[in-house]
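Here come two complexes built around subunit A, the first alongside subunit B, the second alongside subunit C.
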Partner chain A sequence: VATTLDRLERTWSPPAGLMGWLTAVNHRTVGLRYITTALILFLIAGAQALVIRLQLAQPGLSILSPEAYNQVFTMHGTTMMFLFAVPVMEGIGIYLVPLMIGARDMAFPRLNAFGYWVYLIAALTLYWSFLVGSAPDGGWFAYVPLTGPEYSQGLNIDYYVTAITFLEIAALVAAVELIVTIFKLRAPGMAIHRMPLFVWAILVMAFMIVFAMPPLMVGSVMLALDRMVGTHFFNVAQGGDPLLWQHLFWFFGHPEVYIVLIPALGVVSSIVATFTRRAVIGYTPIVLSIVSIGLLSFGLWVHHMYTTGLPALGENFFAAASMMIAIPSGIQIFAWIATIWEGKPVWRTPFLFVMGFLIIFVLGGITGVMVASVPFDAQVHDTYFVVAHFHYVLIGGSVFPLLGGLHYWFPKAIGKLPSERLGRWSFWLLFLGFNIAFFPMHITGFLGMPRRVYTYLPGLGWDVLNLVSTIGAFVFALGALVFAYNMVRSARHGPLADDNPWGAGTLEWATSSPPPPYNFRVVPEVRSREPLWEQERWWASEPPAERQASIVADPEAGRRETPGTSLLDGRVMTRVVLPGPSLWPLGLAIAVAITFIGSLISLWLVPIGALLTYVAIVGWTWPNRARPQAEVNVVAAETPDPQREPVAGSEAPMWWGIVMLIVIETTVFATLITSYFYLSNGAAEWPLGGFSPPDLLLPTINLGVLLLSGGAMYWGDRGIHQGNQRRLIIGLLISFALGVVFLVLKYIEYSDNDYLWDTNAYGSVVWTITGFHSAHVIALLLKTLTVLVLAWQGFFTEKRNLGVEVNGFYWQFVVVVWLPLYAVLYLAPRWL
Partner chain B sequence: MTTEADARATEPVGMLALWVSVLGAKLAWLAHLALSYPLVPLVCAGGGELLLHTITVVALLAAAGTGFVAWRAWRRLRLANEPDEPGTPRGRFMAVYGVLSSGLFAITIVAQGLPTFVLDPCM
Partner chain C sequence: VREGLGSVTRSVWRSNRWQPVVAWFTALLLSGCAGAPSALAPRGPNAQRIADLWWLMLALGSAVYLVVVALFFYGAFRRQADASLSTKRLTWAFIGVGGVAVPLVILLTVLILSARTSGAVSALAQPSDVQITVIGHQYWWEIHYPDEQVITANEIHIPVGQPVALTLSSQDVIHSFWVPELHGKLDLLPGNTNTLVIEADQPGTYRGICAEFCGPQHALMQLLVVAQEPTQFAAWLDAQRQLAREPADETLRRGQQIFLGSGCSYCHAIQGVAPPAANGAVGPDLTHVASRSTIAGAVFPNNRGNLSGWIVDPQGMKPGNKMPPTRLNGPDLLALVAYLESLK
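Right, the complex of A and B next:
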């Protein structure tokens, strides 16, 4: 047994020193980095809030200039929403999910590390702009035309659009990572009806990110193009529409609120179960609530736009959905109350935070139903009532559970117990401070104080209320400091924590505190929702030999392995081999950063960054010949074999990763198509500017060329599945050549165009869609080139061809997506 | 497909029925919103409020249909008394979930259908 442990330890331990630090990929390391970085940013954005409150403490103060005030409140909101709330929730998910589902790591550990580096670079970029005094100043939702090229001429908004677009890559990467891990790496026996509620919440959050972030990326790229290369997406004078920005932003922005809330609901379920010493009542309705809140939140975005003059009937569809979301929210609240009622509550600090959450979140939910009503919203829109509402929802709904969760999982992550006395102090200061700060804002709002004003006149009845809010904000800040002090002090001097100090029932408490690099000595087998309460103490004793063999207890040849299980029932199907530490994630993050953030310095850095990105991707994915290559084994799924090595098709995590990438890309293209029709619907003539619809002959030939390339790719792909390397090379060569022909014909077609991207909004949307698709074709040609080189060297065989399969899969996507784009670009102008 | 191995365990209810139970009503709600909202300006121009009501009725029928599928799956799985078969409790979970989900989204479709009775599409 000692040798097994030694082998596990050797296989999973990260290298030491600076190199080990830069190359770390372990999910707990990455998760802790996310959480720590996000908490530091939380403190910074909190300090910004205090400056705002000081400025507003009394009428007519001038602690901040109006310009500085704009930057401070914009950075406060942007940091809290983009740099704190989403990353901290993802970080908690990244840290806890593998432990909760009994996996040794996540499905794509290197991608995980890449996501963190992207996040860190984005945060540093935004704060660089803050330090040099040109931070974004258009509010966190950056409405055009204020943020457009005409009214925001400095670099401020450029920082916003590039850093936010770049940052979303991190959010999407983490989401894909979490989804595939939860789908494929759950411990044997963890069928979907035995998944911890927290894992359900993280799964829903990740899916929401996948569908919500792409529209924001499209919107922010459009804004960047408007600002940098003179497109007219949001410019009314040239057929653009500022409301398009609002639609795109809020189609992301409303789900965003729930992206932040839903994982917190999962935290609450975990804490309630542990501190009432019983399973949460109503597992199935709670799962339904989590999923339904996630879905319904995509049908609410227009309620941010009630005062923009949209048709009242259309607005009220959204009012209905906004009010209905109170039902699943209420189901959860009542389920928790019932659980507390039936259980034996233990009033420790995490449970106190849950109590605080229940009170504050319900109040925020009630004002939420109020502002869901169109006429009520028209009265309080853009006043401090809304500020009060969303802080009740976000701080009550998200930050309180988060802090409770940090206190709760602190012993697991750090191995020390936090101080209960300091915990109670921090809770009461935060709870009282919060209500003193934000409750008066409801009234300030009713009295008509608009949000985002940098000062106000005396005698409007706002003076005392604002002073009270400022005092409350400082009490709240004191609570946050006590909390932070508790964490830092306990990490150093706290008493040692045992494996399960709270007596919880889920798997993360079955391993040591902090867990070893391989998480579990033996991958657990799950037969209930709270295995530690309901199953025998298998984790304490030596596992019988046959179980060791069956559940990948014994890694071979230093390979990082974890069981791959089936989607619904969690049956063991395969063993998944995970990659180890690498410097490529950091390299790729820097290359992608040059592509995005380089645009702030010179547009020439964009293609240079893209090229470096390509080099980094090739370096990352190039097979390492020093290590024995895993052969893909296409064994039918009917014969699950835990000893079987890496896999193809839907068994492989990689397959799911590509599927998720295609879902994201489809969302991006769908957003572009929707934007096209949005602009054409608002136009008196289409194409704008009296241009005739595009000619059909050349584009139709070109469509044929692209379809043929897809056929050739498929033919070569089939060939290697039969072991025919020659056929693979010929297929790749033909599709490569046809891809080049497609681009050349494109070039001929567009060099003949009467209009450019900066002619009018029609030109902008047509050139953007075409350019985006062509960029995909170029990327695929480059990717195919590397596959071709490997094929030439005879790397691919009948059994080892996942690289070919993935390349082909993606190629077919880029071919198929051109069909609707062709219809939109060439046929729609004739019908519209 | 991985789910094929999963599917075998859920006899006597097919995988398709369970997925329809879980997802059907949600898609009906999504379709209702995605169709009704962009149609408002057209309905204002053309005066066809009946179209909006028809969409509501069709979406509601779809949600009721998936609710029925879920309810039938649940009844069958409840009768199928095989506690050791790993798929059955999970199948039951999906079926019960489907019943509840269909109910919730049917109510939401009704709520979304009501404004059409009250408000003028040209307002």
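Right, the complex of A and C next:
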């Protein structure tokens, strides 16, 4: 046993010192970084809320100037939604999911680290703008035209669009990471119907991020282009439409609310099960509820836009959808009540937070049904009633479970028990403070007080209610400080926690507190939903010899391995080899940051950053000669034969990663196409400005060129699968050349255009779609170049060709996606 | 439809033993907060319909809320010896009835009532006599009575008891027109128009508020709706239709010269004295500024002190608004203010 442990320890421990800190990729390190950073930002945004409440305590106060107030409330909302809520939930997922599913790490540990660095740089950028006094001041929703080039001239909104676009990369990376990990790295035997409810919640959250973030990125890039290079997406005078921004923003923004709610529901399920000492009743209905909330939440965005004067029929459809989302929420509430009814609740701090969640969130849900009503919303929209409503939903639905969860998992992560006494104090202060602060706001809103006002006139009946809200906010803040003090103090002086201090049933409690770098001495084999309650305690010791090979108890020296299992039933399929510490994630994050955030300094930094990004990606993915199999990433282990073979196809996490990337990209292109038709439908003539529709001859030839390049790529790819290295090289060369021809013809076509991106909204959307697709072709050519070099060196073989396969897969996507884009750009203007 | 829903809702409430609670709540909203532009103290039929819908939703919502919270606490504190849900069928019935069936019935009820209210308060349902155009500016409201050749700002006069159609649009960013006592809000969009029909049941002055964040002075972008008896309204229109009064004495003539010579007329029109700018108004039309009860977006009472202060230091009074300060010596300022005060 000692030798096994030593080898595990040696393999999984990060290097010491600063280098170890910068190169760390372990999911628990990255997860804790996410959580800590997000909590610090939560406190900062909370402090901003206190300043807001001070300013509003009485009418006519001038603690802040109007401009400063707008920056503060914008940063409060932006921080809470983008920098706190989503990252903290992803952080908890990143920390807990591998522990809960019995994996040693996540599917792409370096990508994980990269995501964190991106998040950190985005947060630092936004707070840099705050420190220098030009923070975003257009609200977290940044409605155009107020945030457009005409009405917001400073850098404020530029910080917003660049940092937010950049930040969403982190959200998407973490989402892909979580999805692939949950799909492919579950412990042997953890069939999909045995996954903890929390893992289900994280899975649904991750899928929602994949579909919700791309429209926001498209919108924020459009706004950045409007501001920086003079496009007209949102400029009415040139055929743009401000409501397009609202559609894009809320198509993201409404799911966003559920993105931060659903993981919290997973936390509630975990706490309810542990503190009632029984499995949650209604596993299947709860899973279906979570999934249907995820789906429904994409059909509600228009309820943020009732007052823009959309057609009444459409509005009533969205009202119905908005109200119906109460049903899956109701199912979960009643499932938990049934569980509590059947079990015997232990009233410790985490359960108190669940109680707080229920009391607050249900009230927020009910006012949510009310504001879904179109005429009622006309009265309360953009008033303090809505401020009250969404704080009930977000703080009650998300923050209370989060704090309960932090208290609950604290002993696992830190190895010390938090103080129950301080925990209770913090809960009651938070609970009372919250209700004192936010309940009166329902009434303040009815009395006519709008949101986002830096002050108000005396004599309108708002004074007393505002003062009460301010007092409540400070009580709430005191509760948050007590909570933070409890965490800090207990981390230093708390009593040591054993493996499972609460007597929970899920796998994260099967290992030591805190877990070792390799998570589990033996990867457990799962036969039930609560294995610690229902299975014998065999995971603490050496597993039976016959299981040892299949569950990777003892990886080969120096290789980080975890079992790869099948998607539905959790059968062991492969051993996944995971990469170790690396500096490339930080390097790539810096390169991408230069591309995005550099645009604030000079647009020239954008191509420079893109080039550095390419260099970093090549450095990252270049095979490590010292460990020739590492880059293959996946090794088959269906038989315990040491003579392993590289594996490709859907058994490889990388394959799933590319599938998810393609899903994200498809969403991006779909958003662009939708925007094109949105603008053309609103236009009296299309193309705008009396230009004739584009010629068909050259683009159609070019379409053929691109299709041929896809064929050549496929031919080469098939070649290497038969071990034909020559055919691979020829195929790559032909498709590379055809790709270059495509770009050259494109250049000829567009240099002949009589309109540019800044001519009118038609020019903006056409140039952007074409430019975005051409950027993909350029990126693919560069990527193919590195594959060509490796192919030249004879790196790829009949068995080892995942790199070729993945490159080809993505190439085909870029070819296929051009078909609908061709139809939109060249055929649609003739038909419309 | 309007009477239908209102009376149904009202009869539910009149016959309900919860009425004292509602009365108390209403009393709190009305008396405790006198002067508030309250959506729950409706002064027009549309606001009334929405308030009726709210009280009904409040009743249903409170019932649901109390039942859920009570079930939670009963379940959490019940003795283990009590009757239990332990048969599987009972558990499923509990989740099915509590989580699906009951909410479905309640939600469908709310949805139908909401859709009916929605139809009743929409502009399409209410043919209107008086037409008014409202154009939003950072941070004031330009008001036109197109049929009457009347232009004013920040103060809308309407006849009592008649539906009035407001055509809403914006000159710059998005604003939202909201007079809580009369109706819900509707956005003012650049490049597009929306129509809102308001009606007041009784004479009075109702505060309107910009409800869409529109920049640094969003907070102080307000307006007044003055509902008058039809005869008074007609008289008001007649007065507003006149050109500006000629200066009656030397001081007022000097005031007019200062108005024309100090840059005021770049942004402000006075009919018959200073024509409006060709490409849309920049500042409010001042032809009858003295007839308005407030200045600066219904924020300050229209009196000599505020008017003088506003001319000399508008950024001190409402920081971030678009009006630059005007340097004037004492006598000039007094003359200008006297002239403006003469523009009844």
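Operating definition for what follows: the second predicted complex is superposed on the first by the 814 of 832 C-alpha atoms of A that agree within 3 Å, B and C clash if a C-alpha of one lies under 4 Å from a C-alpha of the other, contacts with A are read in each partner's own complex, and residues count from 1 in each chain.
Here, a contact is a pair of C-beta atoms (placed from the backbone, for glycine too) under 8 Å apart; a residue touches a chain by one contact, two chains touch by 3 or more.
The structure presented is a predicted model; accordingly, all values stated were derived computationally and were not measured.
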Considering only the touch criterion stated at the top, classify A:Thr36 as touching first (subunit B), second (subunit C), both, or neither.
neither
Now for A:Thr700: first (subunit B), second (subunit C), both, or neither, which partner does it touch?
neither
Contact-wise, after the overlay, does A:Gln153 reach subunit B, subunit C, both or neither (first, second, both, neither)?
neither
After lining up the shared chain so the two structures overlap, which partner does A:Met323 touch, if you call subunit B first and subunit C second: first, second, both or neither?
both
In the superposed arrangement, does A:Ser566 touch subunit B (first), subunit C (second), both or neither?
first
Looking at the overlay, does A:Leu460 come into contact with subunit B only (first), subunit C only (second), both, or neither?
second
Of the two partner chains, subunit B (first) and subunit C (second), which one does A:Pro285 touch, if any: first, second, both, or neither?
both
Under the stated touch criterion, which partner chain does A:Lys344 make contact with: subunit B (first), subunit C (second), both, or neither?
second
By the touch definition at the top of the document, which applies to A:Met355: first (subunit B), second (subunit C), both, or neither?
second
Which subunit A residues are contacted by subunit C in one complex and by subunit B in the other?
285, 312, 316, 319-320, 323-324, 327
Residues of subunit A that touch subunit B when the two form their complex:
189, 191-193, 284-285, 287-288, 291-292, 295-296, 298-299, 302, 311-314, 316-321, 323-324, 327-328, 566-569, 571, 573, 637-638, 640, 649-651
Per the touch rule, the subunit C residues reaching subunit A in their complex are 28-29, 32-40, 47, 49-50, 53-54, 57, 61, 64-65, 68-69, 71-72, 74-76, 78, 80, 84-86, 91-92, 94-95, 98-100, 103-104, 107, 110-111, 114-115, 117-119, 121-122, 124, 138, 172-174, 176, 178, 180, 183-187, 189-192, 194-195, 207, 209-220, 222, 299, 319-320
For the subunit A and subunit C complex, residues of the former touching the latter:
65-67, 70, 138-139, 143, 145-146, 150-151, 236-237, 241-243, 281-282, 285, 307-309, 312, 315-316, 319-320, 323-324, 326-327, 330-335, 337-338, 340-342, 344-345, 355, 358-359, 362-363, 366-367, 369-370, 373-383, 443, 446-448, 450-457, 459-462, 464-465
In the complex, subunit B residues that touch subunit A
1-6, 9, 26, 29-30, 33, 36-37, 40-41, 44, 86-87, 89-90, 92-94, 96-97, 100-101, 104-105, 107-108, 111-112, 114-116, 118-123
